[in-house]
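Labels run A, B, C and D following the written order; every chain starts at residue 1.
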Amino acid sequence: MVQFIFDTLFRAADLALIAVALSAVYSLIRFPNVALVQYAVVGAFVGMALQQQGVPIVPAVLLASLLVGGIAQVFNAVIFQRLLRLDPAIALIGSLALSMVLSAGFLLGFGPAAQRFSVQVAPATRVFGVRVTEMQVLTGGLTVAILIAFALLLFRTPLGREMRAVSTNPVLAAATGVNTARVTGLVVFLSGVIAALGGAMLALRGSVSIDMGTNMLLPVFAAAILGGLGNAFGAVFGAIVIAAAETLITNLNFGPIVGQDHVFLPASYAPAASFALLVAVLLFRPRGIFVSEVTRV
Amino acid sequence: MTTELLAVRGLAKAFGLSNVLEDVSFSVMPGEIVGLLGPNGSGKSTALNVISGFLPRSAGTITFAGRDISDAPVHAITDLGLVRTFQLPSMPHRMTVREVLKAGKRDDGGRFAPVAYGPEIDVLLQEFRLAHVAGHAASALSGGQKKLLSVATALRANPKLLCLDEPTAGVHVSLRSDLVGVLRNYVAQGGACLVVEHDMLFIRDLCTRCIVLDRGNIIADCLPGELENNPRVVEAYLGKAIEKGGMAQ
Amino acid sequence: MKKMIRVLAATSVLATALPAQADVVIGAVLPLSGVNANGGEDQRRGIELAVAQINEAGGVLGEPLKVIYEDSGNVPQRAIDAARKLVSVDGVALVIGEYSSGITIPLGQYLVAEGVPHLNPASTSGLVRGIGATSFSMVGLDNVSTEFAAKDVLDRGWKRVAVLAMNNAFGQGVANEFGAHFAQLGGEVTTTIMYTSGQTTYRRELQQAESTEPDAYVFTAYGADGGLMMQEAYELGLQEDPWYSILITMHNADTPAEFKTGLIGMDVDYTADDTSYKAAYEEAYGQSFQSAWSGYAHDTTLFAAETIERAGSTDRPAVLSAIAELGAEGFTGVTGEIKLDADGQRMWQPYQKLKVEGDALVSHE
Amino acid sequence: MSDFLIHVISVSCIYGILALSLNLQAGFTGLMNFGLIAMFGCGVYGAGLVHRFGLPVALGPALALILAVLMGLFLARLGRRLSTDYWGIATLSIAEIARIFATNLEPLTGGAQGISGLPLLFSGLRPWDGAARLALFAVILGVAWLICERLVRSNFGLGMKLIREEPQLARALGYDIDRIRSTVMVIASVIAAVAGVLYAHYLSFVGPELLLAPETFLIWAMVIIGGIANNRGVIAGAFAMQFMMAYVPFVKDYFALPSDFVAAARLMLSGGVILGFLLLRPQGIFPERVGGRHDH
């Protein structure tokens, strides 16, 4: 049981930062930006490249995140703002296409193999009968800290108030003197930074390959949608639910049912669990979680 | 009772805690043109949305042409002959005016048969003065032209009851009398109308009866000429006007 | 639209006219990208060394031998597309390929259908045997290797083992055959976990295996997968128990030294008695063998060149009968003697027990 | 040489059929399906399963048809109350679930190793089998084109276009949106599945890699480059993309580029074409012709 909780929490930590970034940016720019999961990969790869150039790991990760924030703003201005003028669905296709182009870039720039930061790795120690590694604790803690910092920014600062105002009613916010373009730009920047940090955390716990973005795409979306796209901290909740579903499906021993000692579902069903959960939610409770466009009059 | 085309009984609609319609009952007979009036926020558009099936009701019943349509889906209601238009009709930009008009009547000559434009389309285009823009993208029309197109398209569906949501707002004055003529003609041929409208001149010209809503309740059901002398109607409009800072209607 | 097709057709004629046709050309479909990229690169090195050796000695049929490499990207469809290009555009005499059985089988079937000779330089799944008439294996299949591994594991006193293998033709073959041999010899497989190759983490699979409390973990993994799996096993503390790798050289080069201390395993023997190849490899690439597969790819190329020489032309039927003839006679390469059975499969090959020492593999008898 | 050209044109025909299917959904009805490959997969695995269990080859199309109808209905049902972008993500998920099950349900689907050795069409006609297959594919592409053209030029097609842009107006005029969408999805799904069956018997191999998400985006690229909502345009787009994809390896040979280049260039081509066209020419090379013959 303790193992289950730990596994769930660490998997949730994998998903949470990127899902929060996705949700936050959706609240202002109304289309699901698929390329965000690739920003996470960019963050991890750039961080590793900087470290290889001799930059110590902490500034390397921070620099990489800021850089990705900037890249996110550039893509937003050059690509997404233009596509959004056509249609949100077009912007979604554009972000899928951008993801493919970025994948191609990773393949050429970093090769197909998985890569890792060069950090000291120690074997797991046992806590409450559960194996935990130093890096898991460290990155898990950092993830929580980043989430808290973002929450404080959102709920305790004038900037956060402006962000929430723009997301609820951009026209009204603009009328009351909020510079919506500046606020939107800032949120795009922050989403890039948070996603990149999420990618770096993942890379610190394990390794990052060019496929990571693609593999993370649907679990991250499932988490963000479950929590209600546009509701940044709903995404954390969504991440925990998705992580629990995935962990449950792979940790259950089906052996007794089929008359053997140990039979597990292949772990590759784990993503299927999160997608199935997503589809079920969309199928049966679409309105509980978001406002359906089709039924609007 | 059997002659009623539309009968609304005790209709209520709430959004969360706010009751937009409290207890609305009225009916429309064949051949009538009923105006649905009221200050902004009185629930006119909501009533139209609930009757046409676009919003689910909270309570009450709606019968149309002898059938209970309280919970029927929009297409079933339309199939029975109740067709509506929108206050701000938005038109596709990758279809021409002619195509939209053609699409007004579904299954024209079979679902999968090729589109053919019969003479009746040209007649309608003429009647609504849209012939010169027939080949234009429908979204390129002016606001007033879009309204006319939406009325014309709705008429193509051969409705027994046509529900119009502010058909004259944005329509050029010279076209209003044409619109009155077209609608009168349609009613004379056996149709009926329910019109949500602000323009009192248009109402007086067109309507045979008026229903006035205020805060979700009917406060008057009378002839157009009697409106000005109805104290509750005057109070409702004036009260609103004072609340709004003296801007009279 | 018609105009567009005409333009496309014209440009395609131009594009396909580019490769030179003077040399004796053979094709190689290898995983040069994807999880097996390192293995594929090692195969390519083996082929290059063979080509250099052959051309130094005067080439084939008096012409220099040329190999056109195509990337399978570890995707069957792309492998078949690549083979189609080799066969119909480049007009190769035969095709060497691929690395993993899941791709070698459809690739081979395509070549068999086209009547093109196919030489399998690496795939060891038992299913390879059924590819068809014009397909030949230059490597022994799994029934032999898994029996060797099962005996080796049991000899070390590990009675209960968890098996991890990739979910493809090769992995399924290894898992099934190892399980059967191991049970027959008196051992018990606590659980068999088939994992999908190319994941970013194998924690879930490792934890599943751990929960069955085995004496040892027996696994087989391709390059990048194996490196990651060993790292995560180390981090999870699972390397307190022994790990045994079937075909250890597939992932050894991709696994950092700190995560494979004490790892043992088995593989096909590629050093045999001939050390000149090892020396040539180290001289050319400045490092020791990255896997067992360069030697096999090397021998496959030598075998191919020899058959074309015997056939006297690059005519496919002639090459086919030359392959059968040479296979029956036997041909000695750096991996030992290549002799084919009636199905065109290599009958025998040496295996070796290996252990990790630092970053390198050493014999462990 | 000409064999390779025949191959590229044959595959272009199959992708042309897929592009028509996507165009019917996304181009004319506004259904942004990112899981098209699952519909294709119904055809591929329909043919594959029949072969795997030793049933008569003719049952392949029948099984494919059943699977495709179910898939179309399910996706349509899912789309009933979802906005476009959510539905897009949902379809992407369905396709991924389908791929994961195809990879892991080893007893049924053959797992990751797939199903190989499917009978090749017209293999008895050697050496003219390639040309015969091409002829068959071209005819089927033509039939699919006729069906799509007829559909979008019909009264039903007017409904599709109205739903695409103004679903509220369509509802008010009595169009049963759910039914029209379901009908379109089923027709498109069956068309995609036909392409799948043909492809399975062309490649003679069926495996989960055929269902990877980038394949869907390749078809999207074809539709966008050719001209969304223009049936001839998307076929031209399919040919253009397929030819570019097929000739990437030659570019690699010619410039002696590293082998990663091929994989990267293919991704870059699909993604780059989509992005470039969306930004610079969203209507594609052959834009939709608005209005019927009457208006021009």
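In the analysis below, contacts are C-beta pairs under 8 Å (C-beta built on N, C-alpha and C of every residue); 3 or more make two chains touch, one makes a residue touch a chain.
Quick caveat: nothing in here was measured; it's all calculated off a predicted structure.
Undergrad: Most remote chain relative to chain A, going by C-alpha centroids?
TA: Taking each chain's C-alpha mean as its centre, the farthest from chain A is B.
Undergrad: Taking the mean of all protein CA atoms as the centre, name the chain whose own CA mean is closest to it.
TA: So the chain nearest the centre of the shown protein is D.
Undergrad: From the mean C-alpha coordinate of chain C to that of chain D, what's the distance rounded to whole Å?
TA: That pair's centroid distance is 34 Å.
Undergrad: As a quick test, compute the distance in whole Å between the mean CA positions of chain A and chain B.
TA: From the centre of chain A to the centre of chain B is 47 Å.
Undergrad: Measure off the straight-line distance from the CA centroid of chain B to the CA centroid of chain C, and report it in whole Å.
TA: Each chain reduced to its C-alpha mean, chain B and chain C end up 74 Å apart.
Undergrad: Where in chain C do residues touch two or more other chains at once?
TA: Correct list: 33-34, 37, 167, 194, 196.
Undergrad: Do you know which chain D residues sit against two or more other chains?
TA: Those would be 103-104, 168, 177, 260, 263.
Undergrad: Mark out which residues of chain B touch at least two other chains, giving numbers and ranges.
TA: 54
Undergrad: Under the stated contact criterion, what part of chain C meets chain A in this complex?
TA: Touching chain A: residues 33-35, 37-38, 167, 190-191, 193-196, 198-205, 207-208, 211-212, 223-224, 227-228, 231-232, 234-237, 239, 254, 258-259 of chain C.
Undergrad: Mind pulling up the chain A residues that touch chain D in the complex?
TA: Interface residues on chain A, with respect to chain D: 31-32, 79, 82-83, 86, 88-90, 92-94, 96-101, 103-105, 107-108, 111-112, 214, 217-218, 221-222, 225, 266, 268-269, 271-272, 275-276, 278-279, 282-283, 286-287, 290, 292-295, 297.
Undergrad: Of all residues in chain D, which touch chain B in the complex?
TA: 150-151, 153-159, 161-162, 164-166, 168-177, 229, 288, 290-292, 294-296
Undergrad: In the complex of these two chains, what residues of chain D are touching chain A?
TA: Per the stated touch rule, the residues are 30, 32, 34, 77-78, 80-86, 88-90, 92-94, 96-97, 100-101, 103-104, 167-168, 177, 213-214, 217, 220-221, 224, 260-261, 263-268, 270-272, 274-275, 278-279, 282.
Undergrad: Chain D touches which residues of chain C in the complex?
TA: 1, 4-5, 8-9, 11-13, 15-19, 32-34, 37, 68-71, 73, 75-77, 80-82, 84-85, 87-89, 101-102, 105-106, 109-110, 113, 127, 166-169, 172, 194, 196-197
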